[in-house]
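What follows is a pair of complexes built around chain A, which joins chain B in one and chain C in the other.
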Partner chain A sequence: MSSHRDNYPEGAAFYSVLRNRYRKAAIWQFLFLSALLIAIIALTALIYNVVDGAFGYIAYEYKAAPTQFTATPVSELTKEELLVILKENLSSGAYNKLDKETPMEKRSQADLLSLFLERLVRIDTKDTWSMTDSLLRGAEIRAEVAEKYPDAILELRSWITPQFLVTPMSSRAEFAGVRTAILGSLWLVGIALLFALPVGTGAAVYLQEYAPRNWLTKTIQTNINNLAGVPSIVYGMLGLALFVRVLEPFTSGSMFGVTDSNGRTVLAAGLTMGILVLPLIIINAQEAIKAVPESLRQAAFGVGATRWQTIWHHVLPNALPGILTGTILALSRALGETAPLIVVGASTFISLDPDGPFSKFTALPIQIYQWTTRAQSEFHAIAAGAILVLLALLLTLNATAILLRNRFQRRW
Partner chain B sequence: MENHYAIETNELSIHYGNFTAVKDVSMKVERQKITAIIGPSGCGKSTLLRAFNRMNDFVPGCHASGELLLQGQNLYGKEIDPVEVRRKIGMVFQKPNPFPKSIYENIAWGARINGFKGKMDELVEQSLRSAALWDEVKDKLQESAYALSGGQQQRLCIARTIAIQPEIILMDEPASALDPISTLRIEELMQELKKNYTIIIVTHNMQQAARASDYTAMMMIDERRAGGVIEFDGTTRIFTNPKDKRTEDYVTGRFG
Partner chain C sequence: MKEETLKLKAVEAKSFRQFDLKKKFRISESVIQALLFLAGILSVFTTIAIVYELGKEALLFFTNPDVTLFKFLGTTKWQPGIGQYGIWALVSATLLTSVIAMLISIPLGLASAIYLSEYASYRMRSILKPILEILAGIPTVVYGYFALLFVTPILKTFFGDYIQVYNMLSAGLVMGIMILPLISSMSEDALSAVPRALREGAYAMGATKLETSIQIVLPAALSGIGAAVIIGVSRAVGETMIVAVASGSGPNFSFNPLEAAETMTGHIARISGGDLSYNSIDYTSLFAIALMLFLVTLVLNLISQWVVNRFREQYE
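Right, the complex of A and B next:
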């Protein structure tokens, strides 16, 4: 057998080969970095686009001057003054209707002020500008407004305010809020959780711990994996057929004596969302159960535990953080889904809070979708605000999942 | 008539589907002695050991034929629940595998699920004393078992097994993941335990088998890759004057 030592490059020849190797490595490194930069740019553009719409100049006129109603400047009006003004100037029918929704005395100053502006002064928005325009072309905008709308008031406005979060829907963008949508979304996610967490965990336990490994289980497993990728609109069709139509007596609450409702309730939509996230929850729970080491099961069986005792006392407690993390991530998907809600019939305009499983409802993505399709630019601005609210909710959910994972992570 | 055998096998074979992993083992394991099972890797030692408390039931496709007799009763009989088998024949595994719970709970859990009605504190203390662990852990019973060293964890696993008062303790290479000092402590412990229990141990370590056991079963695979016991005798005889040439080659280090 001859030595191959002479067949390897040495000295200068070696360095020539080495330089070549480094050059190739540098090209690949550059490509990977570019890929990362593209991803960062895309994300930045997304955030910028939303934030850009949520802040900026607004030019508006009063249809009736505030001085017609009071001598006090608008910014200094107290709650008592506002109550008197509203009582004197609103028609008694309109006043009583508002009083019935929430007694006027119990409303906050901010709430009364927006009623005053909405019903009496009646703000008329002339135009809005994006954040970038407002910052870069401030002088131009001021000149344009002074020329086109000499009576208009121009001010910088953040469309997302504390008031925006707690105000119900309104037909006027300036006074609309996302309260109804946030509550609707929370109801949806809550119902989906109540349905999908026990069912999903149960199915995962059965598949991992009991089911024999045969063609039937394999088929079921494959189908669960495929279901996780089915477009959400298909789940919407299922929800419409099953929960809205077939199970209407249940989802409308008529079998519980609720009369003023059809099947298009938050319950039907929540169950649809539950079905939508069920495959995700099953798969995540299976992974969490798989991660519990076999040696732990053997230890339990070794001291004479039954399968059920092994699962209940060891497998489930140790898989629980993983199951919960997976569930939260699945629910954050449900929070952002729009298509199935449109199909099962979310209300696009509703100002009453959902107060039970049989309420009509709207949800954040529905509200965003609805506002972005409106022609007036001020609706696009509040849509941007609502998107920021939705993103904040999603981030909160995901952060909870990460905290949960780190807090309970176990080293075997 | 008092049977001085703790457990007997009668032509016991273990199959994975169509493949026979262990074939026709007939051996009588004496009460309150340590019986070692030795042999090269892949000869079916662990499979045979796990057959004794029906741990193989969890392996898909695995089934046994022949008889495994505990006091004349076939443990593979239809009327026998494997849970009862594992209650009577405890097991210590290769890697220490305490429950991720407190030291106290590691002992108490097995007792509780098996319907133990006595004083739990006493049982925990007695089990830990029997496993020569009490003095090291008596002040930290509520701490996690994972805070113990590997050797301590393995003795905790032995204590956990003793707590359910089995008749036989199976040990699957219980010291292979431990350092020499911890190994020695386990071996000393085995000598104490055999006063009350019958021990069957699988080991790769020839010196360990020679040092610690009373009887030794030598396993080897045949031409069809099925493992079998080729020689079963007193440990001294197996290591000094074996009948089978293959045993001699193995224990003297010429093979395996």
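Right, the complex of A and C next:
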């Protein structure tokens, strides 16, 4: 680097300069690599942080001792016994309401047990600990709990269980689940897909196969690239103004005779998501269509096919794996997107499954946001559980996309 | 005899028509083309809808007799409910968190791009690149969780009581990690596009790998790297969930990263998440902020595209 005109070292001096240059090169190479190491450390820390939060000790007390209701130990209660206990001790109004949601006889033992614990015994969580704390300072925690809450029960708990996946929302973290949120997310992604896949593919086909080279095409293309960079919260504001407010008769379903909802429905949110992922789907589909070789089209034209016949029978089938891969990636973006849903008006507390496009909804990322911003540590624990569920869903989607790409990708 | 000639002529005429090579008008083809055109033009309508809807409500905000340009740009308290409209209270937090994020993501992103493009072997790349891709695929709300429950406690051990539970530093740092993969992958594409001959030339002159990378390859890829940085800034300005979770609620005109403050995006998320009546000043003010965000990111994106086209080095 010190190659000034009047400075040509010779002999030993030359080698010393050379050594310096090599040393400098080695140091910088290490620095470049360490940037990547920092990225790896950050990723590891993030995953560790989530897993760490999702398992660990919990100390809780019973507000009413289980022995008040039954002589059998809690862990050995059968379904029949639980049914009797619940019937006897719950007020008939509360019992009938639960029975209406899901008939009591059809509920599982685990479900009934959590009802028993939630409604009658009423668990009162005193404190929770992370996985690392629980493993490394087990004795300390036990001593602390024995001193501070002599009546408390200390348990090692996994916050993510099969029960967690199928239970609806609850105001008590110990009994909350992500069922409503998962179903809401699926509805959202489904509606976004129904809207964005045909429109996005159509737009890509138009731009690649039909569009003349003029200012309009150029405008459309630039516009799509820009839309891909618009912050998601701006799409949320668009959704709020357009789908929730202006198109309320449509999105609330009052146009179709649905009476009990406003515009803040899963349909409005799904369409907002559709608009949000549209540019991504178009750009990916364009790449896929571009990769289909020109000779294929020429051959189709050569035997007399029309333009649309060529596209439908030759271009699209060959571009399909690429289009689907891009779509899946766009959907995984939609699955993790939170801000537009908050703006469009996801319900933060809702325990009923979404049962149609006009129902209120919540979604996984919304629940994660809600639970993370609560002060109590048990909510942080279920937030970690919900994050693991979300990450697992995303991983599945992305793995599918990669498989699809490897299985069907053709090299021309 | 006559009849036959006529028939023959008719057949000739018909077959001549069969070989008419002019493009035939087909109604279904035209309908399909029209539909596809509609799909293509829809994106333009999206932009128009954004500008129109945001602009309409923002106009209501700015034409409110209580809101003056002086109050909007000249004061530093934001609380539309009680007549305080100083946008700087929100802009300051957006600026500070974005600057922190860029201070993290530009050097780290660029360094990792140089390593991946210039140093890493094929095997190394195939291990390292997926890690960056995973980092890029993690939802931002998860980064928010990470910022609040991991980074903030660590910062607390350094700064003790000087740092608040919600603070801009933690949000900015995590945002930097989030943007790192974006800058890294865009810069790497730019670096990889520099032709091999340039590197060979530098080596032939006796340059070390570092000298080649920094003095030859990097300048040649500068336009792409510049575009990456600009896109990164636009992402940082528009990022919502990390700041909504970790940087606190309540506008605060402060440039102290250890304090809590609300960004433009965080403010929109918090206010619109609550009960909001249409046509209130709170409601219209959100659209004014969103319009500003949209315009800022739009300009940044356009600049980035312009930089790429204008300053791209062309190689044969």
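Here, the second predicted complex is superposed on the first by the 381 of 412 C-alpha atoms of A that agree within 3 Å, B and C clash if a C-alpha of one lies under 4 Å from a C-alpha of the other, contacts with A are read in each partner's own complex, and residues count from 1 in each chain.
The criterion applied here is as follows: a residue touches a chain if its C-beta (ideal position, glycine included) is under 8 Å from a C-beta of that chain, and two chains touch if they have at least 3 such contacts.
Source: prediction; values computed, not measured.
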| item | value |
| --- | --- |
| Partner chain(s) touched by A:29 [first = chain B, second = chain C, both, neither] | second |
| First, second, both or neither for A:306, with chain B first and chain C second | both |
| Chain B versus chain C as contact partner of A:63, first or second or both or neither | neither |
| Chain B versus chain C as contact partner of A:314, first or second or both or neither | first |
| Chain A residues touched by each partner, larger count belonging to chain B or chain C | C |
| Touching partner for A:97 - first (chain B), second (chain C), both, neither | neither |
| Which of chain B and chain C A:148 touches, first, second, both or neither | neither |
| Touching partner for A:213 - first (chain B), second (chain C), both, neither | first |
| Touched partner set for A:295, first chain B, second chain C, both or neither | first |
| Touching both chain C and chain B, counted on chain A across the two superposed complexes | 306 |
| Residue ranges of chain C in contact with chain A within the complex | 26, 28-29, 32-33, 35-44, 46-47, 49-50, 53-54, 56-57, 107-112, 114-116, 119, 128, 131-132, 134-135, 137-146, 148-150, 177, 180-181, 184, 208-211, 214-215, 231, 234-235, 237-241, 244-245, 265, 268-269, 272-273, 278, 286-287, 290, 293-294, 297-298, 300-302, 305 |
| List of chain A residues in touch with chain C within their complex | 1, 21-22, 24-25, 28-29, 31-36, 38-40, 42-43, 45-46, 49-50, 53, 198-203, 205-207, 210-211, 219-220, 222-227, 229-234, 236-238, 240-242, 245-246, 275, 278-279, 282, 306-308, 332, 335-339, 342-343, 345, 348, 365, 368-369, 372-373, 380, 383-384, 387, 390-391, 394, 398 |
| List of chain B residues in touch with chain A within their complex | 53, 55, 58, 60, 83-84, 86-87, 90-93, 95, 97-100, 109-110, 113-114, 157, 160-161, 163-164 |
| List of chain A residues in touch with chain B within their complex | 212-213, 293, 295-306, 309, 313-314, 318, 410 |
